[in-house]
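Going in written order, the chains are labelled A, B, C and D, and every chain counts its residues from 1.
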Amino acid sequence: MAVFQLPEWMALAPALIMAVTALALFVFDSISPRSTNRSLLAGTAAAGSLASLAVAVWFSTAGVGTPTIDGGLGEIEPIHGLVVDQLALYFMIVVAIVTALVAVASYDYLVDHAYQAEYYSLVMLAATGMSMMAAANSLVTIFIALELASLPSYALVAILKDNRGSVEAGLKYFLIGALSSAIFVYGISLVYGATGHLYLADIAAVIEAGGADGYGSLLGLGILMLIGGFAYKTASAPFHFWAPDAYEGAPAPISAFLSSASKAAGFVIAFRVFTEAFPVAATQELIGLDWTIAFVILAIVTMTIGNFAAATQNNVKRMLAYSSIGHAGYALIGLAALSADGGELVMGAAMMHLLVYGFMNTGAFLFVALAEHWDVGRTFEDYNGLSAQAPVACAALVVFMFSLAGVPPFAGFWSKYFLFTGAISIGSTAMLAVAAALVVNSALSLYYYSRLVKAVLIEDPLADRGALDQPTGLYAAIIVAAVMTVALLAGFGPIAEAATDAAAAALA
Amino acid sequence: MAGTGIFSYAPAIALFPLVAFVVALVFGKYMPKKGAIAGIFATAGSLVLSLAMLAAVAGGEVYHETIYEWTSGAVASEVGADGIEFTFGILIDPLSALMLVIVSLVAVLVHVFSLGYMNAEGETGLPRYYAELGLFTFSMLAFVFADNLLMAFMFFELVGLCSYLLIGFWFRTKSAPSAAKKAFLVTRFGDYFFLIGVVAIAATFGTVAFAGDDSFVTAAETAIDDGTQLFGFDAQTWVTITGLLVLGGVIGKSAQFPLHTWLPDAMEGPTTVSALIHAATMVAAGVYLVARMFGYYALSPTALAIIAFVGGFTALFAATMGVVKDDIKQVLAYSTISQYGYMMLGLGVGGYVAGVFHLMNHAFFKALLFLGAGAVIILMHHEQDMWKMGGLKDKAPVTYYTFLAGALALAGIIPFSGFWSKDEILYDALIVGLEEPVILAAYAMGLVAVFFTGFYTFRMVFLTFHGEPRSEAAEDPHPVGWAVKVPLITLGVLALVAGIANLAPVYKLTGIELTFLESWLDGEYGAVEGLTYSAYGELLAYEAGTIGTEQQTVLIAAGVSLLLAFSGAGVAWKLYNVPEPSRHVTKLGGAYTVLRSNYYQDEFQVWLAEGVTQPIARAADRFDRTVIDGTVNGVSSISLFGSNRVKRLQTGIVTNYAALLVAGFIGLLLVLGLYGGWF
Amino acid sequence: MMIEALIAVALVGALVTFVAPNRIAGKLAFAISLVPVVLSLWLFTAFDGSGNALLEGSLAFESQYEWIQLGEYSISWFVGLDGISLPLVVLTTILTSAAIMSSWTPIDDRESQFYGLVLFIEANLIGVFAALDFFLWFIFWEAVLIPMYLLIGIWGGPRRKYAAIKFFVYTNVASLVMFGAFIALVFGLGDSVTSFALPEIATAMLNGGPDGFLGLEGTTLTSVVFIAMFLGFAVKVPVVPFHTWLPDAHVEAPTPASVLLAGVLLKMGTYALLRFNFTMFPGQVETYAVPIAAIAVISVIYGAMLALAQTDLKRIVAYSSVSSMGYVILGLIAYTQFGVGGATFQMVSHGFISGLMFMAVGVIYNATHTRLVTDMSGMADRMPIAVGILIAGAFGYMGLPLMSGFYGEFTIFFGAFQADFAYAPLFTSLAMFGIVIVAGYLLFALQRTVFGPYELETDYEVGRAPLHDIVPMFVLLGIIILLGVAPDLIFEMITDAVDPILSGGEQ
Amino acid sequence: MTVALEYYVLLSIALFCIGLFGVLTRRNALMFLMSVELMLNAANINLIAFAFYHGNLTGQVFALFTMALAAAEVAVGLGIILVLYRNFRDVDVTVPTTMRW
């Protein structure tokens, strides 16, 4: 493979490409801020993210990060604090996919929107931050990458300056974000205090060497605060409160972007930190308890809150927002299982879920974007009988809904049932509780997802609704997402393999 | 189809009518006489073949052949056999040959009669009618020559279906469908026990064959001899239980108490159907089945005693009800029930020959009476109330005299056929009864029934044919054609002479060999080993006593029954053979209402259906909708309620979010802290 | 590759039909659906398998490809047929074609979607019966829900939305429970299994079973899993008291959906019970025989009593399906050749008969636009042929000899009567009383609706049913009689596949 | 003379709690922002104190990063507060509640 010849820093290419694209767009913006050359801007963004995707895929297939004995290249650490391994590449791929979809979709969504270039550059910047999060393996880099992802996101959510909803969403997102990052940093400081290190590997070394003895409660509090930071990023309880409002108020593509990519990024740092920095056994020695308990609780609470709150929503976008909280709960199972052996299976399942989620959830939000583009309204009733007028898009929506519900023949089935399988495979009481919660919640989710299907397919169309156009970009993005959601059912093998391998490598 | 000589055509006996069924169903519309022709030819063919079989059996041959294996499989039967075949086979021995002839003969005559009764009256839906007749004949014949219990059961059910369809032939009325439903349901109730019996026997002995060494009869015999335990009972008891279960079907089909209620209602069907199905053949199926597996019952005195008692009781019970009916067909219906009671009595006391003998005679004279009634109904322009008739004697002589012949036979007046068979039954009952009190009771009831029989029979005859016409319909009757007369005459002759088949009393008194039927059934010409009168005789556990010498006993028995029959007829003559008969209701007093309403048997069964079953069903339904389904819906509404509560957390005020966030965080901290013992 | 072809034809056909114009969709779908019929009949003639698919039997048309590696466990595309599944596949294909033709009259809206969904169901149903890998099987098993949900929801009656969602969620939850239980079992089996291939798991179960998991002893775990899976399938079958989704779904569903629902979807439940509970857990079957037999009897009698109380023809047939499924359970728990074989036969037989019944009711409904017994009378006067078939079907339902229903019931009774568990004869006799009640409500319904003077509450002009409504019913009737006269057509292959189950795996 | 580590930690915790209190009680967006700044600075105190304690510079360097990011955060925040004011004519964070439940 040609990867050998490349200089090490090139390993970060997926993230760098994003950054470069962002800068390019900045430059363009500063030259002609009022430009509305949509195809150029969207094209650049899409091209950038696709390139990043391509490179990431190439690297991971080329074997970057796989242990060398398997003929892989082993992980590459170009800079102290940034590592490129299977885990990183996997999530870079997820981020890139979502970014590409969002960029393409925005092409139509941003018709007659004032500042187009800044929008795309912010998106790319956030994407860069998320890719960085995937690679960060020191609390410093993690924090920086996290902020790099967050700050543009705040702006993006509020970017519709004259739309009260958008602004309100931005405000809430920002305020809670600021609070959370404060807590997060404080957590970092405590961990640093307890161990004297910010580099994950060193932290682990100190903990295992017993160098932090006596600072148990300090470390415990720190870990808990870190968890808070992740919970915020992944929209998990109790830091989820921003999510429904932010997703509802934000421009739909941004909701898609945040609920899919940003969530995935949040999970990758969580995986990274808790697999590398806090070896379960040693940490338990120190802080007196197995921190996965926290995730067990969070998982159950999060999926329950998300699904229950989603069940009776009238606003489609808000329903999706809550459902994305619920899915965060599902993915948390991956973290909750880390203690036991066989944990890599569950963590892998969680990673698979995040990838599939990147397609189905993005697609779902993009359909909302389409609906907003059509201006048909936001509630379920407004969606009634859309299939009569837009069969293809609605077919895609049906795919997304059932896939989110985890009903075959869609990819969502695999990841959800693998999570379920994994939870059971651990076999501990806690995990059984989680599995039980999963059953109850998925029953409920079935109810509200099929509500949307019912609206578009079963209900009679609203009489007073004009003709609906077929915006190229949105349609393209939605259809690609749908096709992938279906195709991944058959082609799930490689993904499952990649995910489990990455998880195994991370846990090793 | 393996077989020897004429026997290789045996299956055709049943298949001809089946073909007729298909033809009539498909092409009936386009055929002259709407498919009657097909039916007549088919049944005639069956008759010819049956007679051939009869001749062959007379020639000493019998036929027992498996035609087609239905299915087979493993069975964990109690007596060792580890495999079982369920097959369709043909068993032609004296009994079945005789029955085949009876059935096909009556079938032909009824088909012919139908030309006059249905076609001439311009009924609609005739193809359906003839198709169903054909299907019935097929099923009945197949039932008759069935060589195993399961096959018998299957065609037993099929004749039930045909009976249902034919009773409901006039489906546009309200009464006919209801009667059809009742007929099927009541018999079905009996068949429920029958089916259990079949299953039980098959599961016990691993075979359902009637004849041969591998028959369940033989198996049961050995089991009893070895004193095997079957399903936790000793063999004797188990045989009794299974036998009684099968008897359930018999009681249903042969309209014995308490499952007799359907038969009178079944008169809603065309009279031809009543003649064929509800008098001569299908109702006989039950009794025939008992005769067919008589060896099995012979193993169980208890079962036999019960059969006898039920028979005797039914004979009397039904006869009393027949006394007060106005509808000519109703009278005949109850007399049918009563007569089958006699047959059961006969078989129950081990009078195998007597039972079969009466079965044969009854088939003829009751078919005759029904067809006669049919003729009367034609004459009366479809009026069935006897009180509107009268004085038909001179206007329709053929009908009158044939009907009279049938009546005499029914009443058991010497020398008509009915006398001989009934007398033989009573005689057998008497001699056994002298030893067994239960049987004696049965005998007594049978004897009393003779009086009533004579009474209602001649009440019917006098009201219908004698006295003055009591309606203008009776003034100028509608003429009847040859299609009606031919069958009447044929059967009339048979009713008169059929008795010759077995003049047992004559033999006993004079020693003249006039007991063809007995020797016939005893296999002197030819029989399947083990299915003969004498073979059954050996199995029977009955003691027989006599009053004085055997001759005296015979004379006493015959005398008493004749006396009663005559007195019954006499009373009828006295009361009703007058120009203007009156109902004489008061003479009966309170009993009258009881009899009119059939001892409230129907009310009771209707109450069972509507007063008990339906409320239960409705209650179950309510329970299902409220409790069970309510739970299901309750779960969902609870979750949705919870959902409504949960989403209220999201107040929309960002400060609350921060507060809740911190609260949640602290909550987590406390939980983990306590768990990890930080403080 | 034959099975793949079978499924592929249905799937591709579904897609083609989706995009076809509504006008021709019905005819097109029917034409397509004939291909699977022919194929499956060819499979039927070419069937060369023997023994049980899960118990080292030699499979017909087997094919297996590695699919996904999940930890140490591999998931594969693994299909094959044995004497149990093949008849059900044939049932599926034939019933689908019949259902499609029978929907030409009633379905007059969004046809292409309708027929597309029907073909899609067919594909998944075939998959359910052919799949031999747990995950593959489960995919097909669940994928059936979506099209059925839509069929009921879009083309159903007034309360269709309620019925559809109830069916959807209820059965899906049941599946989740069952799934969890089975997965726990697989992990409990530990190293003895390395894939989700059912034969492998079955073998492992018969060679000692799991050695403890979830902090449970091996045997306890097995029992728990057995019960959980039984409950999971009980909803699908459905067994009292998990049956309440069925009448709603049936009453609201359009005729063809009812046909498939009663004809095949219910069989999925009993088929799964046979494949999983009664093949892999012989010990538990023995332990829980009496309670299960009791449940079966209750289903039979209770279901029949409910049917007795209904006035909606479809509801009557729906509840009677509950009753009939009770027989199947009884036959399975009998655990004798005739019992289990008869149960399997009854699955097929009841599939055809209930399908026929729903079609006949549907034809009457098309003409009268009512299904209430109280609304009509004397229909035989107006539509003699359809009514004739209805009557024939009703008697088939009552188990009239020489129709398949009788064979199924008789063999079940016969098998159950000699079962080993306590009071088997008693249970059997109780269950058999169902044949009286079924006659009761069906004859009552017939008397009220098709006989008597012609009356109709709704103001529709009732004429004779069109030919394409009659033809499929005649075909089904023919099959029913054929199977009743010559049951060994399928019973031999069924018993051949059943015997290994009873002998605990030995061929 | 040097101050014991505990005091630094106590100080930072106090600061953190003050900030948190502000966040929970102040309805003015700017006050909210400042309270968050307090919390961040509490973290900084920790970092520096611990850096001193552990004798490595990581903490101090990280503290610098934190300040920078805090500044950036404030920048974005002020922007948002600006549009907030433009849309709601108010900087009270409890006013915008169009989206709830």
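Everything below uses one rule, namely that a contact is a pair of C-beta atoms (placed from the backbone, for glycine too) under 8 Å apart; a residue touches a chain by one contact, two chains touch by 3 or more.
The UniProt protein names, listed by chain, are A = NAD(P)H-quinone oxidoreductase subunit 2; B = Proton-translocating NADH-quinone oxidoreductase subunit L; C = Proton-translocating NADH-quinone oxidoreductase subunit M; D = NADH-ubiquinone oxidoreductase chain 4L.
Here the structure is a predicted model, which is why all the values come from computation and not from measurement.
Counting hops only between chains that touch, subunit C reaches subunit D in a minimum of 2. The central chain here, found by comparing per-chain C-alpha centres with the mean of all protein C-alpha atoms, is C.
Pairs B-D and A-D differ in how many C-beta pairs touch across them, and the larger number is found at A-D. One finds 98 Å separating the Cα centroids of subunit B and subunit D. Inter-chain centre distance (subunit A to subunit D, centres taken as mean C-alpha positions): 26 Å. Between subunit B and subunit C, the centres computed from C-alpha atoms are 37 Å apart.
If you average the CA atoms of subunit A and of subunit C, the two centres end up 42 Å from each other. Across the assembly, subunit C contributes 169 as residues in contact with two or more other chains. Shared interface positions of subunit B, i.e. residues touching 2 or more other chains, are given as 636, 647, 650, 652, 654, 658.
In subunit D, the residues that reach two or more other chains under the touch definition are 23, 93, 96-100.
Across the assembly, chains come into contact as A-B, A-C, A-D, B-C, B-D. Considering their complex, residues 342, 344-345, 402, 407-409, 413-414, 417-418, 420-421, 424-425, 427, 429, 432, 435, 439, 442-443, 446-447, 450, 453-454, 457-458, 489, 492-493, 496-497, 500 of subunit A touch subunit C. By the touch criterion given at the top, residues 171-172, 175-176, 179-180, 183, 216-217, 220-221, 224, 228, 237-239, 241-242, 244-245, 287-289, 293-294, 297-298, 304-305, 308-313, 322, 444, 447 of subunit A touch subunit B in their complex.
The residues of subunit B lying in touch with subunit D in their complex are 647-648, 650-655, 658-659, 662. Interface residues of subunit B facing subunit A in the complex, by the touch rule stated above, are 636, 639-640, 642-644, 646-647, 649-650, 652, 654, 657-658, 660-661, 663-665, 667-669, 671-673, 675-679.
Across the complex, subunit B meets subunit C through its residues 69-77, 150, 153-155, 157-158, 161, 164, 168, 171-174, 176-178, 180-181, 184-185, 188-189, 192, 195-196, 199-200, 202-203, 231, 609, 613-614, 616-618, 620-621, 624, 628-629, 632, 636.
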